[in-house]
Amino acid sequence: MSVEERALTARGLRVEFGLPGGRVARAVDGVDLDVAPGEIVALAGESGCGKTTLARTLLGLERATGGTVAFDGVPLRYSSRALKAYRRRVQLVLQDPTGALNPRHTVYDAVAEGLRIHGIGDDEPGRVAAALSRAGLRPPEQFFLAYPHELSGGQRQRVVIAGALVLEPSLLIADEPVASLDASVRGEILALLLRLKEEQGLGSLIITHDLGLAWSIADRIAIMYLGRIVEQGPVEQVLTAPRHPYTRALVSVLPDSPVAEPIVLAGELPDASKIPGGCRFRPRCQEVASGNAAPVLHQCTGEDPEVLGAEAKPHLVACHLDRSSHADARIEV
Amino acid sequence: MTDPLPPADGASTEAPSAGRAARAVERRSSTGFGRYLLKHVSGAAVSLLLVLFSSFFIFRLIAGDPIDQLTKERPVSPEQRAAMRAELGLDRPLWQQFWDYITGTLTMDLGESFQYRRPIFDLIVERLPATLLLSGTGMVLAVLLGFWIGTRSGWKQGSRFDKGQVATGLVLYSAPTFWLGMIVILVFARYLGLFPVNGMRSPSTPPDFWSQAVDIGHHLVLPVLTYTAVVYAGYLMIMRSSILDEIGSDYLTTARAKGLRDDEVRQKHAVPNALLPTVTLVFLALGSVVNGSIVTETVFSWPGLGTLFVNAIFYPDRPVLQALFVLFSSSTIVAVLCAEILYWFIDPRIRRS
Amino acid sequence: APGAAAQEEDVDTLRIATNQEVDTFNPFKRRFVITYETSMMTYETLVRMSADNYEPTPGLATEWEESADGLTWTFTIREGATWSDGEPLTADDVAYTYGLLIENQAIHDWNIDFAANLVSAEATDETTFVLTLAEPAPAEVLSREVYIVPEHIWSQYPDPSADDANQLPLVGSGPFQVVEYRTDEFIRLEANEDYWEGAPGFDEVVYQYYLETDAAVAALEAEEVDIVGNGMQGALNPAQIGALASQEHITTNDVQGRRYVSLTINHGTVTQDGTEFGDGHPALKDPIVRQALHTAIDKQALVDTVLDGSGKPATSLIPAIFEQWHWDGGDALVQFDLDEANRLLDEAGYARGADGIRTMPGGGEPLNFRFYHHADNTAYATIVEFVTEWWAELGIAVEAQAIEQGTLNDLAYLGEFDIAFSGWGVGPNPTEQLGMHTCAVLPTLTDGSERSSENSYCNAEFDQLHEQQKVESDPAARAELVKRQQELLYTDTPVIWLYYQNVMEAFNHERVTGMSPQPSGGMYTGQQGFTWSYYTAQPADADEEGGVPMGVWIAVAAAAVLAAAAAVFFVMRRKQTADERE
Amino acid sequence: MTLLEFKDLRVTYRGSRGRLPAVRGVDLAVDAGETLGIAGESGCGKSTLAMAVLRLLPKSAEVSGQILLDGEDLLAMGWGRLRAVRWTGASIVFQGAMHSLNAVQRIGRQIAEPILVHEPKTTPAQAAKRAEALLERVGLPPSRARSFPHELSGGQRQRVMIAMALACDPDLLIADEATTALDVMVQAQVLRLISDLVRERGVGLVMISHDLSVLSAVCDRAAVMYAGRIVEQGPAHEVFAQARHPYSAALGAAFPVIGDPAARMHPGGLAGDPPDPLRLPEGCSFRPRCAVAVERCGAESPELLEVGAARVSACFVAQEGMPVVG
Amino acid sequence: MTSTTTVSPRALTWARRRQSFQRSWAAYRGQRTGMWGLVLLGAIVVIALAAPVLIDESALSVTRATGERMAPPSAGYPLGTDETGRSILALTVWGSRLSLLIGLTATVVAIVIGTAVGVTSGHIGGWYGWVALRLSDWFMVLPSLVVAIALLAVLGRSMATTITVIALVSWPGTTRLVRAQTLTVQSRPYLERAKALGAGHWHQMTKHILPNVLPLVLASATLLVPSAILMESSLAWLGLGDPGVVSWGSILNRASENGAVSAHAWWYLLPPGIAILVVVLAFMMCGRALEAVFNPRLRGESS
């Protein structure tokens, strides 16, 4: 089976929300993204840049206003039957395991829920036990009757993951899976995701705002800014030699970052309903501010860099400066 | 680190001039208010229309020929019946009666009472002060008392004061108003003879202002006492739980950390915040001032709108019922609308979206 | 009342409790008891009803004469009578008043039963008034209360039939005139100092509103009101009378009243042209069944329990208080006898079924009657319980149901009931009440909209007697006819009269004396034809307690002390805890 | 000169489930103008420690030991004196500014409030002026004084909190997870602001975070807490880079350095769960999760002892000079 | 926790439910007032159920009443008699059955309607949700006593209409509460997770929303019963009850119609009134305790 066959692919995906007053929030504004089986892709970006919306759209929880989502090469249809079938294959892991578990359901119920929804009746306890142990809760029977509040945060997240694994999906979409967990526990969960990938070829799309996390486990990373992916490529390349000014700023403010001087960007992410024209990053761009981008400034103000493709290998950047020949000299890699 | 702190405010480098920005903000917020107002006003208008319609049709379902009610136990000739029917406009087609009713209500012409043979508008204007006096005094007392005790009770949850107040409040709250009224009459008016049994004034009182005021005040004590006693506990509980909702909040810790005294923390921070969710309630209470004391008025024969309503029910005096139903309902609807509008100004969080 | 304010101290006020609404002060259109009384006090009729026995006695007319054919009546109007504004009252005023009945369409319609018979009304001179009729109607002419209104005022009204034609203060010739009215608070009447028969004892009469009778009773005890009686709808009950009787300053009066309570039986509702309608039980068409039902009611037991003895078993629609018209049952009087009732039914072929319930002769429908009572009347609910048990002994099942008065009336006039409660307050002229049982008032439609016939009763003999009594001028002869009518009703049993209810009233004899009852030994409130009691009432040596009552001061003081204590407590706590508490 | 000193501070919460020892004997000192970081996972008692300084703990908390602020024992103060010390001696920037600001008061008023409380001679107008100046200092336009908290973004609110904390020129600033909820970029902005202000005004800073890497960037010294105790203390970057306690090591590893090939595809972390303060194990409370535990760890609880220049650690292994990473 | 793979998960779930009930019960037992309320309530329910055993129904018959008219308490009639000579004690005891019946039935009806509308309108939303919301809001602002009185006058008085009318004015409160709670649950990530698992509306409503809403509903139902009982008594006292029925309100109605206040017949007024007070109080105590158990932060909106 080839990569293309089994990949989750998004092409030109757009999601818009109508706001009161006729304004429109373009939460996802043209995204091409692929997740191949057995691949961990990290999606990083500031709060409000549209990561969650993208994930929800990929799962069919939100309807795209433009573009397509396809799985195994089959475009996603929104009939409830098609969605249900689709959701056996692609599973979601949420940020806050405490919230993701119904406080009134036992661990067993929580994990078996997927089976019940999909009417998989045979050997329910066996499947639940298997999923729990795959998620690292052993011995599983010990946890069957526990309620979420009786578990630690890490255990809860494992239960959530077990609930996803029980349906034997091909892909996990995890929205900030460790953000609400303690620093000391995070590693364990990440190790679990990594192990699932290595042992079972389970691909994942991991949404995070922690670049360190991406460094720890992701094969590829996509950096998102205001509904658009501005840079994507293999983790090593993107994080150690960021080419988009935004990525560089993100990396620079990390302690012990490979980029020498921290670049603290001015202000905050603009509203998704007020995406600046031209390059959407231009108003905050340090290269524009410092005058480095002067040669391509007319492009920056007038021209929206095109949507990045989704090829698996190359390192892609949506920056006019990066593209111009002048740029190469100035950007230290 | 050499770069100066960035202006955290504007995301855009070519920020519009401050004045323009301010105007833009202004405009946005004013249209925001406009939309908010429109939404709630139109909601209230729909509710009012529903009330208007339903009151016309509901009371038309009352069985029996109104003429029977008008001629209680007197033999009447068919001609007399017809005359009365014509006089009351009952011989007109239903749609026409409906039209008259709608246009009449909108122009404050509420028709004529079957029972009193007087314009209902006059009746209401005559009765309203009595109701406002009783119900308004009672409601204001109840709200103040309830909020005051509720605040202290909640602030010191679990204290002896709290337990005692909650228990007292609950017991009084559990008493049926009419029963409490009868007991109060029995004890204070019949046995002790301290207060008049009923009504709003004694006809023998001299007509000068002070005598009248004292007399009315004297009549007012028992009904207000009864009314307040039953109602205040509701406000106590609400304020108490509202305070309890706030009590663990971080902003109170901040206030305390700033060095404020305990009572300053309560008065300046906890109470204003705790009051916010009760605004609707207070307005609902204000709205129901015109109908809130039906039972109390009946027990004490207080010449207000409540007794008018109960009398009209037993008569049954359909035009009066219609008008009062509209009045009672619309007053709460309008009160809730006012609360919603007020929220815009007092709760900045509303303006967020 | 700014006018009354000036001489507040020396005004003697007669205070009467009431809870009845004013419909209109227009004497031509009033229907309610309270406005009947105020009209009666404000205005006067040509002929009064006597205090002794409701007989016609001179009022504004000193004498009257009926022509031989009974069509022309000549009244001599009293000289010296004046209106309360000082104008003299003349035959012209009388003619104007009767003229309104003839000419003013609205007033005519309102009083159609009497006015239709009027041909002309003329004042031939200052003191002579001539009334011409189309047909003889002696009883009507003498007992019809037409209140004479002042022409000099009324002729200025654009429409004398309108309610607002009566601007307060009213101008009348009676002993008291309505001067002020506040809805549900009071009606104030001022004495007519120039009343031709002499000024009344009290300077003013105030009807004071009490919603609940209990409140009125309390007010009477507390000397806040002087008379509680007929003015309170729902009246005093035995418990209240009992409580009042024990009070030293109060006289209670428990006397025959004008009200009966009855059970209407659906004996088959028909229209004038004989179309049957409604869905009454077929068994009730059988007079035997109705008699059996009648026989199985112990009226005395009802009087004893429901009324605590304050009443009398009833025979017919004219209460015993009207001695001259009342028929006491004589030999035909039905005695409570369950065996007799059973025997009647057995003989008529109503056999008992397996469940003990009788069925129609030859099998068929069981005798299961719908029994409707007024939902707002607890006494009726009690009666229903009694009657249900008695009739159960007959093998008759009853489905009792409490329903709204309006619904009950609707069902009754549609004939969709079996047995239902009814009750009337009866006036001194029997024609009205008897007239509701004539064929002439049967409905013409089956939609229940015509409501003149009490119970679709139609009997040629009864009708004939009725016409005779209407034109009979000799009271004794008329009484015979009326009694015969009642007997017919009694034996046909379309209605079972249960009891006549006493009037219970009480007054403060330390403030009021000298009231004349009507009839003699009868009631003080709810009088007819003239306001004998209030006119003759005299203030007893009233020790008027002026100013604000003691209780007020106690209450005010208590409130002040309480407030002060609270304030002190609050301040002390504040001080105490300001710095110590976190 | 020592500004703040904890001497054997113990805090126990009385609750329905029993007595919960949140802080179990902490000795710690902060010098004037010094920045100290405290790291540790959720529930280890960081906030309890911070709140204890101004005695803001709920009534259910029993506090023993000493907290000396400028040599004066806060725990022995009368309420009046305590209120005077609050915000002037030390002020706090709380975790979660959204909730720590009164949602229905304009922020100008909230900033001015402590000024009016502590300097009764100030007029409201003067206080408002100072509030605006403070806002300006934290990089917000003075016009923001009229805003309500919800009209500001998370970063802006945190700035307001900082401005407020500086209103009465305190000697000590306690920042309790002041940047946790913020985005990387905003977090960088706020951290820089705090560092600048602290340096500029010579204010002592206690910075609480669960992110050791943040502390290493901002603080002079760092202390690591575990289950209510300090387990390691030393120069911040050293504690981060070469931990002398297995817990610090794990905590540090949870924040991989980008570009470090060792961290690639090898997420670091601790086995097991954070300890339940109600059921702490015998001996070293970290032992159940410790990869290098020795026999002794199960029996006795290690003291905080010197393990190098200006460094202390409560680990037997480290105290014996052995590596703490297994 | 022991390993128990041999037992079916269903049985385990039940065991677990029992345990969670026991936990709630333990939490409830911690509420002292709640326990008192429960004891009171238990006593009243026992009395109501045992009324036919305690006092023969014939004590309610007017024909067989043996007492004096409105006699004060005596050995034969510990609480005195009414105007037909029946024992007030008997009336009060029997009255409990109707008062409770009406209160409970009306509450059940209101709760069922309120919950159904609340859950569906909150969950499904859209056009239907909007209409349901507006309707319940509308009912909410209508003055309930006024509406109840008006409807009784229109529909005629009987027990069934009383129940209907009380339910009709009570449901919007529940709807509001349930809707708010539904929306809260709706925004919880576990619903998102269930959706991502492929759950349909039915599954979401029955497995997630309802179980989370029901405890609140239970608490609010417990607080609704007393207001239903109070309303029934007010209506009956105003004379809008079925006169053929013995409830506490109708006893008080008879008392005031028969001049009990004038006659100073306190024995006629006190027992039914105190009975209402005690029952209402007991329900309120239980309801508040339940609220505290299920949702300590919930405010008691029962005005």
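Going by the order they are written in, the chains are A, B, C, D and E; count residues from 1 in each one.
Rule of thumb we're sticking to: contacts are C-beta pairs under 8 Å (C-beta built on N, C-alpha and C of every residue); 3 or more make two chains touch, one makes a residue touch a chain.
Given the structure is predicted, the values throughout are model-derived calculations rather than measurements.
Peer 1: Would you identify the chain whose C-alpha centroid lies closest to the centroid of all protein C-alpha atoms displayed?
Peer 2: Located nearest the centre of all protein C-alpha atoms is chain B.
Peer 1: Using the stated contact rule, I'd like to know whether C-E or A-D comes out ahead in C-beta pair count.
Peer 2: Per the contact counts, A-D leads.
Peer 1: Comparing centres built from CA atoms, which chain ends up most distant from chain A?
Peer 2: C
Peer 1: In angstrom, rounded to a whole number, how far apart do the mean CA points of chain B and chain E lie?
Peer 2: 25
Peer 1: Between chain B and chain D, tell me the centre distance in angstrom, where each centre is the average of that chain's C-alpha atoms.
Peer 2: 50
Peer 1: Can you work out the whole-Å distance between the CA centroids of chain B and chain C?
Peer 2: 40
Peer 1: What are the residues of chain E that contact at least two other chains?
Peer 2: Residues 153, 156, 239, 256, 261, 264.
Peer 1: Check each residue of chain B and list the ones that touch at least two other chains.
Peer 2: Residues 1, 6-9, 62-63, 185, 190, 256, 261, 298, 314, 316 of chain B touch two or more partner chains.
Peer 1: Could you tell me which residues belong to chain A and also touch two or more other chains?
Peer 2: 262, 264-265, 268-269
Peer 1: For the complex, give me every residue of chain E touching chain B.
Peer 2: So the residues of chain E touching chain B come out as 33, 134, 137-138, 141-143, 145-146, 149-151, 153-156, 226, 230, 233-234, 237-240, 249, 252, 256, 261, 264, 266, 269-270, 272-273, 276-278, 280-281, 284-285, 297-303.
Peer 1: Which of the residues in chain B end up touching chain D in this complex?
Peer 2: 1, 5-9, 249-251, 253-261, 264, 268-269, 272-273, 276, 346-349, 352
Peer 1: Taking the complex as given, what residues does chain B use to touch chain E?
Peer 2: So the residues of chain B touching chain E come out as 43, 46-47, 50-51, 58-59, 61-63, 167, 170-171, 173-180, 182-183, 185-186, 190-191, 234, 237-238, 241-242, 244-245, 277, 281, 284, 287-288, 291-292, 294-295, 298, 309-310, 313-314, 316, 321, 324-325, 328-329, 332-333, 336.
Peer 1: For chain D, which residues are in contact with chain B within the complex?
Peer 2: 51, 54, 56, 83-88, 91-92, 94, 96, 99-105, 113-114, 117-118, 139-141, 144, 148, 150-151, 155-156, 159, 164, 189, 192-193, 196
Peer 1: Using the touch rule from the top, collect the residues of chain D that touch chain A in their complex.
Peer 2: Answer in residue numbers: 41-42, 153-155, 183-189, 192, 210-214, 216-217, 247, 250-251, 253-260, 263-271, 273-274, 289.
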